[in-house]
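Each chain gets a letter, A, B and C, in the order it is written, and its residues are counted from 1.
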Amino acid sequence: MLRDHWYVAALGSELTTRPLSRQILGEHIALFRTEEGVPVALVDRCSHRGYPLSLGTVVNETLVCGYHGFTFGCDGVCVAVPGQDRVPSRADVHRFTLVEQGLWTWIWMGRGAPDFDRLPSVPRMTDHERWSSIAGMATIDARFDLLVDNLLDLSHETYLHKGSIGTPEVAETPIEVEADDGSGVVRVYRHMNAVECPPFYSTTTGLEGKVDRWQDIEYFPPGFYSLHSRIAPVGEPPLPDGRDDHAYHMTIFYGLTPASPGRVHDFWALSRDFCRDEPEIDSFLMKMQTDVVQEDVDALNILERRIQEEVEPREVSVKIDRGGLAARRILRAMADAADAPGPQ
Amino acid sequence: MLRDHWYVAALGSELTTRPLSRQILGEHIALFRTEEGVPVALVDRCSHRGYPLSLGTVVNETLVCGYHGFTFGCDGVCVAVPGQDRVPSRADVHRFTLVEQGLWTWIWMGRGAPDFDRLPSVPRMTDHERWSSIAGMATIDARFDLLVDNLLDLSHETYLHKGSIGTPEVAETPIEVEADDGSGVVRVYRHMNAVECPPFYSTTTGLEGKVDRWQDIEYFPPGFYSLHSRIAPVGEPPLPDGRDDHAYHMTIFYGLTPASPGRVHDFWALSRDFCRDEPEIDSFLMKMQTDVVQEDVDALNILERRIQEEVEPREVSVKIDRGGLAARRILRAMADAADAPGPQ
Amino acid sequence: MLRDHWYVAALGSELTTRPLSRQILGEHIALFRTEEGVPVALVDRCSHRGYPLSLGTVVNETLVCGYHGFTFGCDGVCVAVPGQDRVPSRADVHRFTLVEQGLWTWIWMGRGAPDFDRLPSVPRMTDHERWSSIAGMATIDARFDLLVDNLLDLSHETYLHKGSIGTPEVAETPIEVEADDGSGVVRVYRHMNAVECPPFYSTTTGLEGKVDRWQDIEYFPPGFYSLHSRIAPVGEPPLPDGRDDHAYHMTIFYGLTPASPGRVHDFWALSRDFCRDEPEIDSFLMKMQTDVVQEDVDALNILERRIQEEVEPREVSVKIDRGGLAARRILRAMADAADAPGPQ
């Protein structure tokens, strides 16, 4: 589990004055908003006897432990204990840095000060003039790598997500892979021309019959992934200057956040440049994407249980796996670097 | 867990074009029929990334993996992978040999070629002229030995199966035991004369009042057991030539199939030579036997959980246990022989 | 787990001719009454094959095992086995000594003869002339120490039991602690004068407005605890001769019985000297106390799960914790003495 990175900790809508407990990189974290709306992340463990702070109560700008009333400010400083006036300084708890960006809230899990240069940029989720966005999340009882494998090889759409986003052409169409081991980015392209338009896109774009469907994946290990999806009438590619007015664009973002060694949070957001501000399209996509994610959750939960029983895992890799294999290689290099002695 | 044997893998009725996952001797196995009806058993693990093949789809005479579409013939040979024409030969999966006999389907779990001489013979289940049969199964969260103990000592009928097959005389009546360590067969006889006829038999035979009730057990370790039950008017034993026209005969078959170290499948079938082809008798016996088996399942599940907590198991054996003790001795000898170096 | 002590094994009302299985100090125990009403505790494991005797049937003054019918007297002596007349003497099972006192039944878990001098005395639970009592129990999936901590520091009432027994003054009021390491008793006093009367007491005493509310705890490690609660009009302390006619008294007894290393039984009883023999007050208190105990159960279950994940538990103790810390010290000394060689 790579610590010195930003991960998605929560949807902004999950942060309220009722604290939420979420495990990230093995740490239990209490997430909430103060009464003034400030998002706060404290270690979810009272310094007194270890009771989860997420079971406490937000009072003004503080959180009061639900067992014996130890009280903490947004900075983790203990400001009151029961039965006495003096507050021991050892009673403070760790506060994590949060950054809200569009529908997602990021957390810095590193041991040192937050490195804001590493914060992923999601302009489409914040540019409300040109893009409409929705978001959701699910937790998968599977190791992190299985979700990486899943997202880097979309040929599984044909089988696992048949009827929503999967069509025969996805699995049939070869991919192109670019892995930049230096910058640590994996790109996978699958451009399908004159193919069936699945319900996910035909219902929302109104396009009928065959379309050009392009899938351009960018994975920034460990925790951020975008799938730029382009749906257009057949044979109308983008202009040389980049303009692409005939096409419908949607970016499907994923935030991959390790919960614990056998568990991963799967945050997602969809940003589209068409049918903006249409609530019924939001609802349709929310339903469709939730179902798609649940299909992945079910499959990876099952796969994890099987893998746990295996003494000696065996695999056969083929061409569709090149993106996933590149991602594994980069993740392994990052883990080796993190384990190495000296400054990271 | 003894590998070089036939075990019951499934009821024939369980094998359809919707694959079934079943664990046998620790191996997950995908069981299904092709569209032409051929029963197939493949290792339940796609060679690509390990996804259970039992979650795939039967297409004609092949099985298509539900994750990325790797496709396998009935012989386990991989015939298609997504995104490319060449199929790597390493992608094949293991196929197990199945044999259907009456209502049961046997599987050869040995590492070498199937030894058809060892296949148990169940003529009563296939002779539809003289015998009517029904079958069912349950899975018990208990070690194999507990089911062996259970079936070899029927005195428990009096207590655990009171009201269906248990009467006071079962526990009261001494048994005779023949254990042939050479051929590896255990026989237990309990002939009860002029005793109460329990509902299981009185309802189906129509006999009222006292009957002669004989229980002749044959256990062929590890996985096959028959209880030949004879219900007859008092004092009318079989003739010297073997004819026994006054009696009602039922054989209760059990297939004991180890699932994993703490789990066992309990297949059963009842074959009777009376009231043949009477659906209401089938229904009555199905209900009664399902309840009896569930009583065993509940008892052995509880017993297993207790035994798992025990540091040093202690037992007190009495005369009723001689059949079970003989069975244990033969099973241990088989296990020792299987562990020994050299050909088995 | 300290063996040479009396623990509460059951409410008297739980002991019937339908046996109950309860784990105490890691041992499964079958608890029941004979048809003549004698309370009996046998090890919950048939000597034959280990089946739980608690699944057996009481027949007259014996218990018949539900699997094969081994039959035991109230003294644990095996009096019958199936299929033969001779009963092997190795078939006897261990019998535990029980003592009924009011609504509770105590069990001696020591390895030697029961030490009746150590039996806690609960005269208020047996003096029906002056006291009315109710009782209940719950099982907590938490280590014993968490329940000790919980009961020794009542400042948690303010937060965990708000709305029933918790008011702000409980957490605010400092405590006095007397720990007698010689006799092994911990006493914690919290006298709150002119404070809010919570619903638990205002509804039952009829007192309105401010009251004097005194909490005098006595903990006799390991398994017995009383909280003497005194509710009185403001400024009317007991007379020098001890008379205290203006006050309402309730003793809340707890029997802390270790079930297994991560599990503890939480028996309770309330004895009051007011509104005696009023069933609606019994019902009100039963409901309130059951809810209060459930709040503790929920909190400790959660806390235990968190503590199990911790590699290195850390705590910050303040003044409210002095009672709990004294209790821990005495329990540790008792454990050390029990582990020491020689007679205890």
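Operating definition for what follows: a contact is a pair of C-beta atoms (placed from the backbone, for glycine too) under 8 Å apart; a residue touches a chain by one contact, two chains touch by 3 or more.
Owing to the predicted nature of the structure, the values given are computational and were not obtained by experimental measurement.
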Copies chain C and chain A - interface residue numbers shared by over half, same or different: different
Angular offset of chain A relative to chain B [C-alpha, multiple of 5 degrees]: 120
CA centroid of chain A to CA centroid of chain C, Å: 48
Overlap residues in chain B, where contacts from two or more other chains coincide: none
Residue ranges of chain C in contact with chain A within the complex: 149, 153, 155-156, 158-160, 171-175, 299, 302-303, 306-307, 310, 313-320
Contact footprint of chain B on chain C as seen in their complex: 28, 45, 47-52, 55, 64-69, 81-84, 88, 90-91
